[in-house]
Amino acid sequence: MATTSDLQSGRPLVQGNHKSAFRNDRIATGIFYAAGIFLVLLLFAFAGYIIYNGRASLNLHFLTTPPLFMQKGGGVGPQLFNSIYLLILASTLSVPLGVGAGIYMAEYARPSRLTRAIRLSLETLSALPSIVVGLFGLLIFINILGWGFSILAGAMALTILNLPVITRVAEESIRNVPPALKEGSLALGATHWQTIWRLILPAATPGILSGVILVTGRIFGEAAALLFTAGMSSPPLNFSDWNPLHYVSPLNPLRPAETLAVYTWKVNSEGLVPDARQIADGSAAVLIITVFLFNFLARYLGKALQKRSRAC
Amino acid sequence: MPDLTPSGQSILRSARGSSHFLRETLGRYYATLCGDLIILLTVTMVAFITVKGLAAFTGPHPLSPLKFLFSSHWQPDADPGEGGPQFGTLAFILGSVSVSGLAVLLAAPLAVAASILISVIAPRAGENFFRPVLELFTGIPSVVYGWVGLSLLVPFIRNQFGGLGFSLLAGGLVLALMILPTITTLATDALQNLPDSLLEGSYALGATRWQTIHRILLPAARPRILIGVTLGMTRAFGEALAVQMVIGNSVRLPDSLLNPMSTITSVITMDMGNTVKGSAWNNALWSMSLLLLAITFGFIVIIKRLGPQDTKNGNHF
Amino acid sequence: MGKLSKMVSIISLIGAFYAPSAFAAGSSVTVMGSTALQPLAEQAAKTFMEKKPEARVLVQGGGSGTGLTQVAQGGADIGNSDIFAEEKADINAKQLVDHKVCVVGFATAVNPKVTVTSLTQQQLIDIFSGKVTNWKEVGGNDQKIVIINRPKSSGTRATFKKYALKGTEEASGLSLTEDSSGTVRKTIAETPGAVGYLALSYIDSSIKALEFNGVAATVANITDGKYPVWSYEHMYTKGEPAGVAKEFLEYMMGPEVQGKLVAALGYIPVSEMKTSR
């Protein structure tokens, strides 16, 4: 590396005029501060713009009522429900799988072709554009399996998006568990799996949990992967019928489900409701606030759990 | 399953009773299965999209791969009388390249400058303030970026610079904002992972902070900063909806910052549902998906070339 | 992350592969396709199910191509399309039965500041093929013409090209392309010199509809056969419909849908047409 040789050669780094060197230093420092502050201001202005524009919609009525047909004043109730339901389904599928794969990578995998293949697969999956994941879902679940646009197909697509990130989070959290814990347990005669199940996983849970919540926040706003899987329509729902086998039940996994993010993308284009702009503003604000809430929750839970496990 | 760890084996022998043994085996099988499943999933996905994407190049009226890649003649609905349908995607490929390139050009310098502030100049504020803020913003849904682009940026560009507003510039700006937090976080990680001795040694030799930064720290962290930039590019390249909302989607080679154009993803998004499965047009869209997949692989290869990734922090996809 | 969640996930995985067949039983109908027809189909399905609570009509979007594909494959019972199945290549139209549920008219729409009020077919063709690029060449102000198109796969574009432009291929690279009628309307309203085409239901005061060959785009002119730029909205079934699909299609053609909903959405009931295609 050029840098170490620079140091080793003992060549004085400060050459020529000391004064100009210090002046440059001050200018550079100023530029870096300006860049950092500009970046943060930009982001805050962005979030502020969205929330300010959508402020009129941040009420219970907007969040709970269904969109209206060619009239003003509709809400995003079903869309919000769909987003949450999809997110729960996707997490139930992806967390056990991701944590399992994380355990494998952290505890069982040895440098082998299989491990390398898993690592490459994880990298591929996580670099894939979400629209490609959505198209894969369209191909398999809609065209081949014939499920139709459905919550189930959407949940599968989101699981694929989720899996690599959860695996990485789980692997990192498990690797961060102090090795002494594991060695002690093994020395006491516990089996490897017992050690993983009773000691390592509980110790890694704060990390995994906050990672999972962060990821979840991200798929809450996913749209491209859902256009051709969960679909772009929201059939009328009966919120008093919770039998997942009924068609009007919100829990029916085989109904098409437009999520809040997809609705934000689409509402403006439909143009059949006169207040499309306000609705898009409102749902963008709801999206961004929800993602922020997920973030805060992840942070808080991570910290709280860590404190508790330390206290034990 | 080949991965019996030595410690696992010894414990198995001393295990009291078969239930322990069963649980041990089941646990290991489950973990291995999950690992295998990830490979299976990836292979299935790549295989299916490849098969579907190659369909356009085979069959009774095969599409020439060269024309597909290097012609900008996109007339998918032309009648046979007018010369038949044409599926040249060059305009979209160049569109994707230029919009994500522009986004990186706009975002990377700002991101790297901010990461220096966070990691070197004001590390405490960096840890307690900047980093959480950046993390907060990496999760914002892309449709929100697109919506702000459509409702704020497009009219602004139209009024300030003329033209239609829907433009390469609008797409680049929306994507730049979207990938800023990602690149900044990764560049910060890269700088923070440098050994402290570099900084201390340089100061000891009498270098100013700026000299240390641009002569020592930046060169040393360069490969990993570039990985961060490439990842930002990957994300920008594959983004579909935010770009589609602001770029204007006209079939033309990107020739000006203020002109509308199309990207690979925007064309797929708009036409996939309206074309009939198995038709030449639909097959061409699947070929474009395959192309997108191939380009993503290209990015992965670049990232792998840029530096050995330590598994602990390097795996930042 | 306990045993419970693992069990739940295994059950839901198994369920995932069996569920579709379990749900398919019963009197249910899947309607899929055209996004233009989707709002009408959704509303009709809603009122239909209120009258017949045991029947289930599930309406999905996805686009005309998806609708035709799915109904031909058997993935949907009814496939919605903006254009005749015969016009889409690679669809075996012979096995499909066409149900024309309504008529939709299209108008040339311009930015309100454009002073032109009427265009001949030839002028329109010249504009969309790129021969005429300034409004002053067709009697308007000195203002560059900006074309706002729909995607090439859109049924609206296909109809407009066929009946307004006599099939003339538009010059590529000239125009903006917007995914949906709502965005087209918004863009025309905001962009000086813009021209595009919209279904009549989208025409409002933010834009100006032009006369075509001196004929205004009104419902009366379309039903009389004076104004040619219109198309049917189709619901296709594979073979003759039966059961709930048949009942739903009868309901679609009945007075409740044709008399109220169709007009409310800016469509024209098929029964009012004095001309046909």
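Read from first to last, the chains carry the letters A, B and C; within each, the first residue is number 1.
One rule holds in what follows: contacts are C-beta pairs under 8 Å (C-beta built on N, C-alpha and C of every residue); 3 or more make two chains touch, one makes a residue touch a chain.
Here the structure is a predicted model, which means the values were calculated and not measured.
Because contacts link each chain to all the remaining chains, their graph is best described as complete. Among the inter-chain contacts, the highest number of C-beta pairs connects A-B. Work out the mean CA point of subunit A and of subunit B, and you get 15 Å between them. A straight line joining the Cα centres of subunit A and subunit C is 35 Å long. Residue positions of subunit C touching 2 or more other chains: 35, 61-62, 73, 178-179. In subunit B, the residues that reach two or more other chains under the touch definition are 269, 272-273, 277. Residue positions 96-97, 99, 143, 228, 268 of subunit A each touch two or more of the other chains.
If you check the complex, the residues on subunit C that touch subunit B are 35, 61-66, 68-69, 73, 88-91, 146, 149, 151-155, 158, 167, 169, 172-179, 187, 190-191. For subunit A in complex with subunit C, the touching residues are 69-70, 89, 92-93, 95-97, 99, 142-143, 145-149, 152, 156, 201, 205, 208, 228, 231-233, 235-236, 245, 247, 252-256, 266, 268-272, 276. The residues of subunit B lying in touch with subunit C in their complex are 74-79, 82, 155, 158, 164-166, 244, 248-253, 260, 262, 269-282.
Chain contact summary for the complex, subunit B toward subunit A: residues 2-3, 5, 7-8, 11-12, 14-15, 20, 23-24, 26-28, 30-39, 41-43, 45-46, 48-49, 52, 110-111, 113-114, 116-118, 121-122, 130, 132-144, 146-148, 150-152, 177, 180-181, 184, 198, 201-202, 205-217, 219-220, 231, 234, 237-241, 245, 265, 268-269, 272-273, 277, 286, 289, 292-293, 296-297, 299-300, 303, 311-312, 315, 317. Within the complex, the subunit A residues that touch subunit B are 1-4, 6-7, 10, 12-14, 21-22, 24-25, 27-29, 31-33, 35-36, 38-40, 42-43, 46-47, 49-50, 53, 96-101, 103-105, 107-110, 112, 114, 117-119, 121-133, 135-136, 138-140, 143, 160, 163-165, 167-168, 171-172, 175, 186, 189-194, 196-197, 214, 217-218, 220-224, 227-228, 261-262, 264-265, 268, 277, 280-281, 284, 287-288, 291-292, 294-295, 299.
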